[in-house]
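I'd like to ask some things about the structure below.
We just call them A, B, C and D in the order they show up, numbering each chain from 1.
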């Protein structure tokens, strides 16, 4: 079952889509269940002016993409990348064991945000 | 109830069952009592037994009440093994079950193999989910003493040729059990005509209460009890009788019997409407299970939306549209555990299983509810498509 | 209810249980469902589990619901044997049970002996119906793995020193089961303080519905399931949950807990009134069971009227006076089967057993009902005396 | 459980007692359950002017004594003794298996009625 935060994110996603000519893209796949998330960013200097995502997977994965974009949009890249572990976990609310892999995915997204694009 | 498309999971109480339960709440005397009050309790049980027997073409004496389908299935298999081992302590026992049985048969089979020295053969269905009698015959061994094949499958609705299997097994001293939990109330069930030795049922699948059911035990067939105790149910199943639940089950049986013919016609029509609605709403949709309408439950549709995560679709149907449906696979990090063993057995690959919903409707489902469901599915798919658009695995699925 | 002196056989629903059952009738979703409706069902079960756990001093996680006391007793013993045999396929298993256990323990013990290769020792109680811990110790063998002694006896109300028995068995790798079906609601029961590995209960003995109960399974204790199935009850007991009955059991547990202290005081007083009333009404009357009030249920009187056929007295009480009581022996042409094994075990001769009634009262029994019962017993004895006068076996029994 | 006939006979027995100076007495015991019945008769020529019984045993046994006396009183000895098998069975109504021994007792009583006192 889904907590209210997850429900809001997957049933009324606010940040879906692609960004033509995105400044940067993050991409992620979960090898076990096959879930995938891609996030496009439009940067305005250090500021994340726009974040849009596409996702394929279970409802919690879809919610994860939206929660991530909502959280980072309008933040500076470094501020977003430095989101604390506690704050990351709080982003999805309380999860059931079968949904825990989405916290992992979320952590990966934040980690990618912090690493230099050319690190990849 | 209006958005409830999961009747194969469980049904609500029908009005007569609720009434019978209400009426029975004050009938509390132990049926084993030696005083007049106990007579009322005994009469209530006898009436319910006659009603259930009437629904499945059995004699009252052939019905033993249990706590549900799971207990009935456990009892039939374990009780037969105990009885056979007591008669022939040195003979081996080979058990055949189909791969699409409910967990309350499959897990028992595995227990008997693991702990009780029983040899087990699990036979596969064909791609439509049907167990051919020949597959049973091919699996026979000289020591085969027990066969369990369900009458109707809960996930894809395939109805098995039990009478033909019984015919093939006749004269071989093999106990044939059938799990009829999912068939009763959805198609005519005549235990005697099926020719089985035992047959299980659960009230909550035909609008009776949860936690009560029973086993048809053909006259002359002996089982060791699973619940040993105070001699209730003619010594076959101990435990103070669940009076109110049994009364309600009896009323549900009468009700199911009186409605069956019209219910079947209506469920078929509704299912066709649903199938057509999905076809027109969704570009790419696959229906699993038997092609022949005679070989499937009239109320069950197993639907695959290739390229879609059914779990996400079901979540949207629930939270945004108020529909309850069931999944072919739950979201889980443990791949194997979460995939439907039935869909695997009919050969669906993992991505198709994860793309599958079960829609099971009841006879009182409104035409409008079906239209709204198709519409909601269309909207849900469009939403999922918009989220997944550039990274989805297969071609666009919304029509 | 006014003439009902058979509460140990079964109790009526208390008002809170009836209310909870009514409220739960429309909560029908399968708790295993993946949609919001299923949450309500799951919450209902979780609440009931907490209530039952609270009543018997356990954690919620230690409570598994069953179809009643019989299933719980069957499960504890068979499940322990399966688990032990799986761990140690070559070790023998010796089982000790008391001679005054309920049939749902004794018959299981005989089954395990007959069909499962288990060695069985049945230990006798003393003349008051008490099992001394030393008797258990004396019966121990190196291969003793399982002991089952009931907490309170249903016929004579004797309460066994389970904590002392548990203490004596500690560290020996022996599963200690206690059947607490008859104790709960009649005295404080604290599973943890008792130190047992498992403990069974049935809702209908504490004003909940029939056909539902459960097993306390101490944390860390493993049993093979008795009902294998779809993973309900954390995989320990398959079967769609009996929602309404479970909800009602939870309410009955809360109710029993809140009333227990005052109920015990009241039942004791009522029983004393009854005992005194019988003594003054009847010249020759014998009370069976423990002399010590601490070692007996507060509501139970096993009464022998020497020289009287209790069956005839009970019939008169029922038909002429509207009282329901229970017999130490049913009228039957099969001598052995009809005699109470409990009364035999405490050494009553056959004619005394046939002269014995069980009077079990509830806390709401009226003082006036007790007076009327004593009066009716006096009248009944006078009538029987007048019929039997010159041919009766013993001296006149009416005062 | 008891049928209405049995209930009437044991709860309101009309023919209990002894007859001082009885013309004849019948006596019967059931070896298995220990039930006993004794019937005193006062004969007025061939007519059974009075029949009284004492019984010890289960409720159905007690009823049996009363049913017997009620049936034979005011009949001639030969008429009573010739009561048909069907009529005898009907006297106690429908019985449960555990009560069947009372029909046996009843048959014995009728048989004793038919045999000469000096036969015994």
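The criterion applied here is as follows: contacts are C-beta pairs under 8 Å (C-beta built on N, C-alpha and C of every residue); 3 or more make two chains touch, one makes a residue touch a chain.
Predicted, not measured: the structure shown is a model, and the values here were computed from it.
Two chain pairs are in question, A-B and B-D; the one with more C-beta pairs in contact is A-B.
Chain centres here are Cα means. That of chain A falls 94 Å from that of chain D.
Centroids built from CA atoms put chain B at 41 Å from chain A. Centre-to-centre separation between chain B and chain C, using Cα means, comes to 35 Å. Centres computed as Cα averages put chain B at a distance of 58 Å from chain D. Multi-chain contact residues, meaning those touching two or more other chains, do not occur anywhere in chain A.
Of all residues in chain B, those touching 2 or more other chains are 34, 36, 311, 315, 319, 330, listed in ascending order. The list of touching chain pairs reads A-B, A-C, B-C, B-D, C-D. Per the touch definition, chain B reaches chain A in the complex via residues 309, 311-312, 315-316, 319-320, 330-333, 335, 338, 351, 354, 383-384, 386-393. The residues of chain D lying in touch with chain B in their complex are 1. By the touch criterion given at the top, residues 4, 6, 9-13, 18, 21, 25-26, 28-30, 32-37, 66-71, 73-74, 82, 85-86, 102-104, 107-108, 110-111, 114-115, 202, 204, 209-212, 224-231, 238-246, 311, 314-315, 318-319, 324-327, 330 of chain B touch chain C in their complex. For chain B in complex with chain D, the residues that touch the partner chain are 34, 36, 38-39. On the side of chain A, the complex with chain B involves touching residues 2, 7, 10-11, 13, 16-18, 32-34, 36, 38, 53-62, 65, 98-101.
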